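Common to both upcoming complexes is subunit A, partnered first by subunit B, then by subunit C.
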Partner chain A sequence: MKKSLHTLLKLTNFEMERLSKFLFTLMGLTLLLNLVGYIYTPMQHMGKINEYITQNSATTQQALDAFGRFSFYDVTQTLWIAGPIAIGVSGLLLYSIFIWYREWFGKNTFAYRLLMLPVSRMSLFFSKFITIFIGIFTLIATQMLSLFIGHPIVSAIIESAYFNDIGLIASIQMNPLFLYLFPLDFSYFLMVNGVGIVVLLVLFTVILMERSYSFKGIAMGILYGIAALSLVLFPFFIPNLLNNQYILYDSELMIIEIVLIVAVGVLSIFTSHHLINKKITV
Partner chain B sequence: MIELKNVHKSFGRKKVLDGISFTANKGEITCLVGVNGVGKTTILNAIMNLTPIKKGEITIDGEKMSPAMYNKVAFIPDVAIMLPQMTVHEAMDFMKDYYSSWNCKRAKEIVRFFRLNMPDKISELSKGNQAKVNLLMGLALDVDYVLMDEPFSGIDIFTREQITEVFSSRLVEDRGVLITTHEIYDIEHLLDKVVLLDNGVIYKEFNAEEMRETEGKSVVDVMREVYNQ
Partner chain C sequence: MNKYVKLTSLFLLIALTFIGFSIYKAQASSPYSQMKVVTTEGKPEYIEPVDFFGYVSHSQNFSNSSTIEFDEGSFTYLQEKPFLKRMDHSFDPKLNNLVDNYRTFMRGKSRRPEQYTETDQHLIYAGSKTDVDWNSPFNNQMTISVLDKASDEEEAYSVTIGSDNAYNDIYATYIDYPTLTIFVNRSGVSDTSRNLVYTFDIENPTEALTEVVDLSGYLDKNETLSVSQLSDKTERYIPLKTVRQTVVSDYDFRTETSGYFAYDMQAQEVIEIPPFEEETLLFSDNDTIYVGKPLNESIELYEMNPDDKEMTLLGTLEMATPIMGQEDSSFYSDRFNQSVTILDGKLYTYGQEYVDEVSRPIFQITDVHTQETLFKGTVMPKDMTEAGYTTIEVMEYRLDPSRN
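And then the complex of A and B:
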């Protein structure tokens, strides 16, 4: 047990080293684009106000009436923030596919070496899985750090008379995108991450199906993917399916969701275990 | 002893192995011979559990393949299998990290024998030197069996001579070697056993030396008889 955990850590560390360049690029891109947004968006706003005041010889109050107060929330609504998040999500999603296929189709066929390591093949599976999750949480942490840096920058650029300081936490809470990234409620945190975990497990299983059965595996994988994800997302659509009749409490829906997440997750792990040990081909 | 019993394997509708049974013993060099596409590489992959078989059984000293067995059997494929961005030194460290059977002293000996430079990146090596790195990764393991797939493919004559030298050196002494090759001339005199494959079955299995002594035929002569029919 201790030895297999040590092997898993070594393999995860190895995978992290391979991810590091890409991850640092995504982190850098997030910070850079966010920073541009923290500076450019309030400056643009101040520019509009100043232009309005100059052209119309307007007072501060008139400018406020015309443009309203600017808050940090306005910055978080821009593409400078949402863009890097979208890039990060799609980047890591593509990397989740690449993390497997590079072993077969890279310059050298490293799949031979990995599959011939004297370690449980599930350690390979979990090391890749953990690596992706570390990547996800690193990007989320970067985004959070960036917001902490951005708030004082924005408040420094916007003149206090035009600034509505609703605070950083409120700005985050108001943004629906951040509700997924930084869920404040623990059960919601569990559900968001549970769905994320299961999506990744299903994706890995689909990839292993393709690596095991080639073209037949693609068809199997697509069917499995659709079935598994439909099952996991099913509770979210129960009210719609029942003509907006909310016959279940949120807590009941949550329990159903968690049961389905665990069931699909366990099924994916067992299927992957079988494929990687018995069916995979170099 | 590596033992294959009634092994079947198909790719789609194409039967590649149709009831293959043979053994490769420790301390012997066994050569799988056959034209392209006859299933030689598939057999090696199947032994290493790198491709599933449809039917049959493969055992190594009576045991089925398991992760722990990779410390007992090494496979040297005909493609580069370490990461191209690794240096030779890093590749050796990687092996040392994961294989309890990695023999550092022997690894350094092989590096000297092949005149490899430890700081060289694998991606920057010639094909011949990449083949040497592959051999290094397999031969530096203290294993009972070594499987080699086409170790002479696409390399120059000097590298070929060096690799041939490996077969008569103590690097393979006492081990069971199972090799596939088209370049039979280079190692014919070193072979103990030859398994001739044709159309997914074993056409002939013989002791190379006995064949020479009793029938006066070389392995190549037997191959000509079989494949020119």
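And then the complex of A and C:
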């Protein structure tokens, strides 16, 4: 047990080393674009106010009536914040595919060496899986830290008369994007990450099917993905099948969903275990 | 150990940031304004039967808006309720109470409060097939379910309504146990619409509902029927009014009340109510019909004898503002008396008070016999600095007769 954990740690560290450059780039991009947003957005707002006051000889109150108060929430809604998140999510999604195929493509088939290692092949599977999740959580943590840095910057740029200091947490809580990314509501956070874990497990299984059976594996993978999605979506059709829209409470529907999502996750792990140990070819 | 430096650093970054964020979040004040009931006259315990869902918004930041529930004298934000509880949430306070107390009985039944009625011993549901099976709009099938609250036993009856298939909109149900009275709007495939009153004897069930009155005869062309929102659906008289719709333009129409009636559940007949010249309020409570004449800041309240229609003046009830008792803020055209109703000898009213940029609800409870104001008050943020920019609007309002 201890040995297999040590192996997993070593493989995860190895994968992390390979991911680090890409991850640090994403972290840097997040911080840089966020910083531009923290400076540019409030400056642009103050610029509009100053221009309005100069052109119309307006008072502070008139400017407030025209533009309203600016809050940190206004910055969190801009593309300077949402953009890096979208780049991070899509980047790591693509990396989830790349993390497997890089072993086969290139000058040497590194997969051969990896699969010949005298360790459980599932350690290889889990090391890649953990690496992706460390990447995801690192980007979330970076975004969190960035917001803590950005709040005082924004409040320093906007003159106090025009600033609506609703607080950092309130600004974050009001943005639906952060409701899913940050542990603001623990149930939502668990749900989103639970779905993310299972999607990644299904994706890994589909990749292993393709690696095991080639073209036939592509069809199998697509079918497996459709079957997993159908199974998870099935409960939503129960009311229609039973001709009664109120046969299940929404909370019960959610519990059934959670059970099915976990079942798909477990099934994907067992399928992947079988494929990586018995079927995969180098 | 040096070879794990990146992994360890990232792990520490994640752990410390998440822990720090959680601590900061726990220490930060709630983004939702804490609310309190402010009593300006009378005693606060009189507001206990009032349940409502409200919408709280800040004029400084409209995106920070949230739904608040006032139930049994305390406030809860919808966002602060447990996750699974939030999923079963309904914006109707009565439905929430029914789901909380009779979860098994409520399964498979529609979520329209007007289809439920109860006595101390029974909870009764009347719903058409369409209410639960949205793919079957035209039929003549209905289910009546009766729950014995003491034994928790449910008795369900499948009955037919009319001889032909139609879209059956059950918009009110009342009980004079064992007789269940059901108001139905039946729309046929050919666009014909009839307002009918049916009865069903729970102790001697039949296979079909009994049609007792066709209310369509009381309605002219372009008139619709509106039924009073009653908190206690065991009252003998059900106030009704006919509403005429006049088209003003392609996008707008005007509504005006054209007639007032009360349906007597015991005699199974419709009583015409003579209206006042200006505006008329019509209520029922237990075995009494009340007719109100709204004045500027008061209501002149009369008790009407249903036999000779003679009105006896009970007194003049002073209202907190001119709008109280005169404004009908119901969102539903087929219902009235949402913001003003009489329950067990008390007149409950609410209205919105506008102060500068914000508005907040005012509640008033008055004894109809002594004209004494039992409660007058409003809802405000506990933190008075928030009062200047916090608006509280009542969305759904109900009285719980069991707490009266």
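Annotations for the structure displayed:
The definition used in the following text is that the second predicted complex is superposed on the first by the 257 of 282 C-alpha atoms of A that agree within 3 Å, B and C clash if a C-alpha of one lies under 4 Å from a C-alpha of the other, contacts with A are read in each partner's own complex, and residues count from 1 in each chain.
We adopt the following convention: a contact is a pair of C-beta atoms (placed from the backbone, for glycine too) under 8 Å apart; a residue touches a chain by one contact, two chains touch by 3 or more.
Note that the structure is predicted; figures quoted are calculated from it, not measured.
Residue contacts after overlaying the shared chain place A:110 against subunit B, while subunit C stays out of touching range. Of the two partner chains placed by the overlay, only subunit B lies in contact with A:121; subunit C stays clear of it.
In the superposed model, A:71 lies in contact with subunit C only, and not with subunit B. After overlaying the two complexes on the shared chain, residue contacts for A:279 are found with subunit B alone; subunit C is out of touch. When subunit A is checked against subunit B and against subunit C, the one touching more of its residues turns out to be C. Touch criterion met: A:145 reaches subunit C, while subunit B stays clear of it. When the two complexes are laid over each other on chain A, subunit A has no residue in contact with both subunit B and subunit C. Across the complex, subunit C meets subunit A through its residues 3-4, 6-7, 10-11, 13-14, 17-18, 21-22, 24-25, 28-29, 31, 60-61, 63-64, 79, 82-85, 87-88, 99, 103, 106-111, 132-136. Those residues of subunit A that touch subunit C in the shared complex are 9, 12-13, 16-17, 20, 23, 69, 71, 73, 134, 137-138, 140-142, 144-145, 164, 166-170, 173-174, 182-185, 187-188, 240, 243-251, 253-255. The part of subunit A that touches subunit B in the complex is made up of residues 7, 10, 14, 106-110, 112-113, 115-121, 212, 277-282. Of all residues in subunit B, only 45, 48-52, 67-71, 75, 77, 79-84, 94, 97-100, 122-123, 137 touch subunit A in the complex they form.
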